[in-house]
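In the two assemblies presented below, subunit A is common to both, partnered first by subunit B and then by subunit C.
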Partner chain A sequence: MANKIRVATTSLAGCFGCHMSFLDIDERMLQLAEAVEFGRSPINDIEHCTDCDIGLIEGGVCNSENVHVLREFRKNCKILVAVGACAINGGVPALRNYIPLEECLSEAYLDGIGVENPQIPSDPELPLLLDKVRPIHEVVKIDYFLPGCPPSADVFWKFLTDLIDGREPSLPYELVHYD
Partner chain B sequence: MKQFIQDLAETNRYQATNLLRILREVQARFHYIPEEAIEQIAGLLNISRTQIISVVDFYSFFHSTPRGQYELLISDSITDHMLGKQSIIDYLSDKLNVAVGEVREDGVVSLDNTSCTGMCDQGPAGLVNGYALTRLDRPRIDQITDLINQQKPLDQWPAELFLVEDNIRRPTLLLDQPIQPGAALKALFERGGSETLAEITQSGLRGRGGAGYHTAWKWHLCYEGPEEDAFCDIDAQKQQQRYIVCNADEGEPGTFKDRVLLNSYAHQVFEGMTLCAGIIGAQQGFLYLRGEYLHLCDKLQSVLEERRQAGLLGNNILKEGLNFDIEICLGAGAYICGEESALIESLEGKMGIPRNRPPYPVTQGYLGKPTVVNNVETFMAAASIAINGGDWFASVGTEKSKGTKILSICGDCSRPGIYEYPFGTSIQTVLNDCGASDVLGIQIGGPSGTFISNHEFDRKLAFEDLATGGSFIVFNKSRNILDIVNNFTHFFAHESCGFCTPCRVGTALLKKQLDKIIGGHGSAGDVVVLEELCQLVKSYSHCGLGQTAANPILTTLERYPDLYQSRLKEISYEPGFDLDGALETARRMANRNDAGAHLAQIEANEHE
Partner chain C sequence: MSKNITIDGKTIPFEDGQTIMDAAMAADIYIPHLCHQPEFTPHGSCKLCTIKVNGRNCTACTFPAMAGQEVLSETQELIDDRKKITQMLFVEGNHFCPACEKTGNCQLQAVAYHLNMLDDHFTHFYPSREMDASHADVMIDHNRCIFCTLCVRASQQKDGKDVFAISGRGINRHLIINSESGLLKDTDLDATDQAAHICPTGAILIKRTGYQVPIGERIYDHKEIDQVSLETEHHQHGE
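Right after this comes the complex of A and B.
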């Protein structure tokens, strides 16, 4: 079993929708489990990413913790993959990029309707927000991109089985065609 | 304002096609396009409010918020930069006490950059309320500052500030023998329409805008019109409305020959248009003049009037039964309108977004009617050919490129200006004539053309080798190629019309990726990414702008790959933005400065 391919996954500024879609490979998960074992992933609650072959990243980069996690993945994964619209473009979380961060924080913690005891959270344990949400390839080098919101289960399946079988992954047009 | 707009709409016959004309007047009068004006115009022209807003947003010279009473724009072309543009605009900003891109608090003056104004041989250049300013230097800026602070009306400003020189350095075939007004039309009527078209075919004349389509074919196709018309009877076909458009939207940075031709050879250009009208049977022509050449407008109007008086324009031209007139339409600051179908859209009073082609304008152009769109120089050449015959023209040039090409030469040379050369002339010959030495390379055909290195000076000017619409920018060895490429890449990102994603997003990504590399944040794979991006923008864009926007990068990457590689750090990756800086706002608001409140730009084990 030592030769199993190790896969790690994480969600940064994402909604876990891509992970849910991944699980939609349904019974093929058993087939996958024969070839693959999971490193850090919300699926198994392992907290840190150690040597892996493939890292799947959902979501963009919105805060300092995202940067650290992303770097940990980059350091430990041979192949790093941007999964889904948010990882590739920033997606929905990046809608805040049109509003200055100062206004976002003020609205949420100081002047917004219903805010009690207004204050900006300040605790060394809390990650700080970046002024803009970034796609992950602007922070580390990314090897592959899986488009979609979310990428379909078949995209995950095709991509991973290609890699497992030692082929250069390629997604047929039908799998990445959305209109 | 109500009355002003009412009158304006009336003068423009409540035609939506005149929207640009109306908006230009409103902008000139109020220094912006007020919301109330948009409402009123929408009602008067019976078009939607949003259609007007889209046009206001589209063109650089229209603004939805007030500009200064004196709106100063400084040309951002690479050639202006080489003549010291940056220190000029800084000085101006300082003297006038207004930041670039802003309006001064008292509303008197605003300052901004603008794309190349076509004064590359006499820069740094600019525009004040649309009128060209040349040879800006500190004394001139002092003078301009005083005039603005005294609020002197523009017509009381000293004329030398607005002096635009022709700088014709090497006139030959066309420039040396301007025609007598009317001579080409007389030749047409003596010889006959189809015989004259045969002479133009014989001459081998190809479009001078750069693409090089055979002029006679274009005219013939327009005469034939759409296929379905072929089944009409001859009379109905003769009734078909056709249009002639002269493309004087000379926006390619480094090009200014059309400005000179319209200043000193306007009769001949108009005669070429009228000749075409006589051959294909058109009644209406347009000169689409780029907004930056506003200073030529009055003069051109009076040339048109002269021609009407002389019976060379209007009804029954030279008593031969030809009815044709020409209207001048001014652009409003959009490079894309040099593309013929975008130009036609603009003529129709819309945003200048290129159409799908086919159908080509020759069958469905202005208002859906067959339309010939040709460059200024093409019409001028056609007029000479009508008089001197096709063989006269075809005896000069190469096998596939007949006649001469008029070049606008600028940059690092001692005699910038207008040069006319037979096709087939070597680049070295041109460089010797214009006084260029210690040359690093030349941008031929403007940013959308090719950058050639100093090992390629034996190459020839010709459609089969180096094609150009006229732009010829010389760079000497003191120049940095990446600065040049950067200027061009930013230009395209600014001028993308925004219609198709590969160009709108692609040009912005090209700019960002290039900035990253030039800024020293590039790492191992970044040049490869840049190149892939170039190929994508080139292959998937809707029109020529996007298809050529990557040329500055591609042509220099091909010639100087080491230059790009040398900017890369020897690490696998570095973000193109300041990571720690991105936390600054949050840090300040949370009042933190602990170690966890900072990020290193490069991971600890990634240092070089």
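Right after this comes the complex of A and C.
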């Protein structure tokens, strides 16, 4: 097990679609597992990011916990990667950026159709929402970007095998798309 | 005797009255551009076609070709500049490709792909902009407007109308509609007008036509914009 490349992954303000797409590398996962072991990731339920070579971040930053997790990844990962449209430009969650936060919360928890016992959730365990959803490069330094909604399995495969084999990662035209 | 310029060391001919963009296109050389279409008066506003002419930066779509010019286009410096310009266009508006009908057929997106733009680099503005869905057949999403003025020029020069204009400056610049109410429904715009089809992004869309072409068959799915541009715009330049 020595000298395996350690990879951590997380989904911040994302939908886990990028993680699902990552799993779409299918049987190539076995090949990947020969060179890679996973640190914190929803794949294994490890909760904290410790020293890793590569951190894959799905989703933008929408609350205080996202910021905390993102900073933990930056601190512990040699290479940090923005994965997918939301990590890169905020994506669909950032569509709330044009609506004041108070109006968003009111619509969801006070005035929305079918709301019972209307109240804004205020449990201290809940992370506070940021006023705007932000892409992750606005919070920490990002080393590589994998665009796509989601990036295809081949994007993950090309990027990770490039890195594992010691090449500078590069995506051919067919693998670069924003949708 | 024909006159010549060089672009990246390649000698190409030009005729009097041609811009450097005209001459390049006629010689099958692609220079990235968004606000330029050969059938309209050049506007020179998107700056993507910035080239170096005898050591000085100019926009290829507006600069006249003159004998002996040494033009640089595909230098790393100019490619990097074009990528930064494109990133600025992305963060200045609200360009969420996964939620846009134009994706796959969008010139802004295709230029970004061509430049291998993988991120937006800058801090996002997230400006608050309106949509105008008042017209029966055409809708405008101001979030995606890059102020290229192609719709303004198409309406005036091809459709014989005057539906659009650009108002304001800097970050307050915006597309305005020529009607008392400011709404598209109160103009004489028709869905068949060239102005309704000319938008390089998803800012002006024809209603009920979205997502009709499946992924894999869209304009830029397999062809880069340089190839598409030379195939479709080359002949218009030759006219």
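General observations
Here is the rule we use: the second predicted complex is superposed on the first by the 176 of 179 C-alpha atoms of A that agree within 3 Å, B and C clash if a C-alpha of one lies under 4 Å from a C-alpha of the other, contacts with A are read in each partner's own complex, and residues count from 1 in each chain.
Operating definition for what follows: a contact is a pair of C-beta atoms (placed from the backbone, for glycine too) under 8 Å apart; a residue touches a chain by one contact, two chains touch by 3 or more.
Computed from a predicted structure; not experimentally measured.
Annotation for the three-chain superposition on subunit A: subunit B and subunit C clash. When both complexes are overlaid on chain A, the residue A:15 reaches neither subunit B nor subunit C. In the overlay built on the shared chain, the residue A:153 is in contact with neither subunit B nor subunit C. Legend: residue contacts after superposition of the two complexes on their common chain; A:29 is shown touching neither subunit B nor subunit C. When the two structures are aligned on the shared chain, A:95 is found in touch with subunit C, with no touch to subunit B. Once the two complexes are overlaid on the shared chain, A:164 sits clear of subunit B and of subunit C alike.
By the touch criterion stated above, A:130 is placed in contact with subunit B alone, subunit C being left untouched. When the shared chain is aligned, subunit C comes close enough to touch A:177, but subunit B does not. In the superposition on chain A, A:138 contacts both subunit B and subunit C. Clashing C-alpha atoms with subunit C appear in a single stretch of subunit B, chosen from 348-356, 384-392 or 438-446: 348-356. Applying the stated touch rule to the two superposed structures, the overlap between the subunit B and subunit C interfaces on subunit A comprises residues 132, 134, 138.
Residue ranges on subunit C touching subunit A, taken from their complex, read 90, 94-100, 103-104, 109, 112-113, 116, 118-121, 123-124, 126, 128-129, 215, 222, 224. Partner subunit C is touched in their complex by these residues of subunit A: 82, 85, 88-92, 94-95, 97-98, 132, 134-135, 137-138, 142, 144-147, 149, 171, 173-174, 176-179.
The residues of subunit B lying in touch with subunit A in their complex are 523-525, 572-573, 575-577, 579, 582-587, 589-592, 594, 596-597, 599, 603, 605. The touching residues of subunit A, counted against subunit B in their complex, run 64, 67, 71, 74-75, 100-102, 105, 120-122, 124, 126-132, 134, 138-141.
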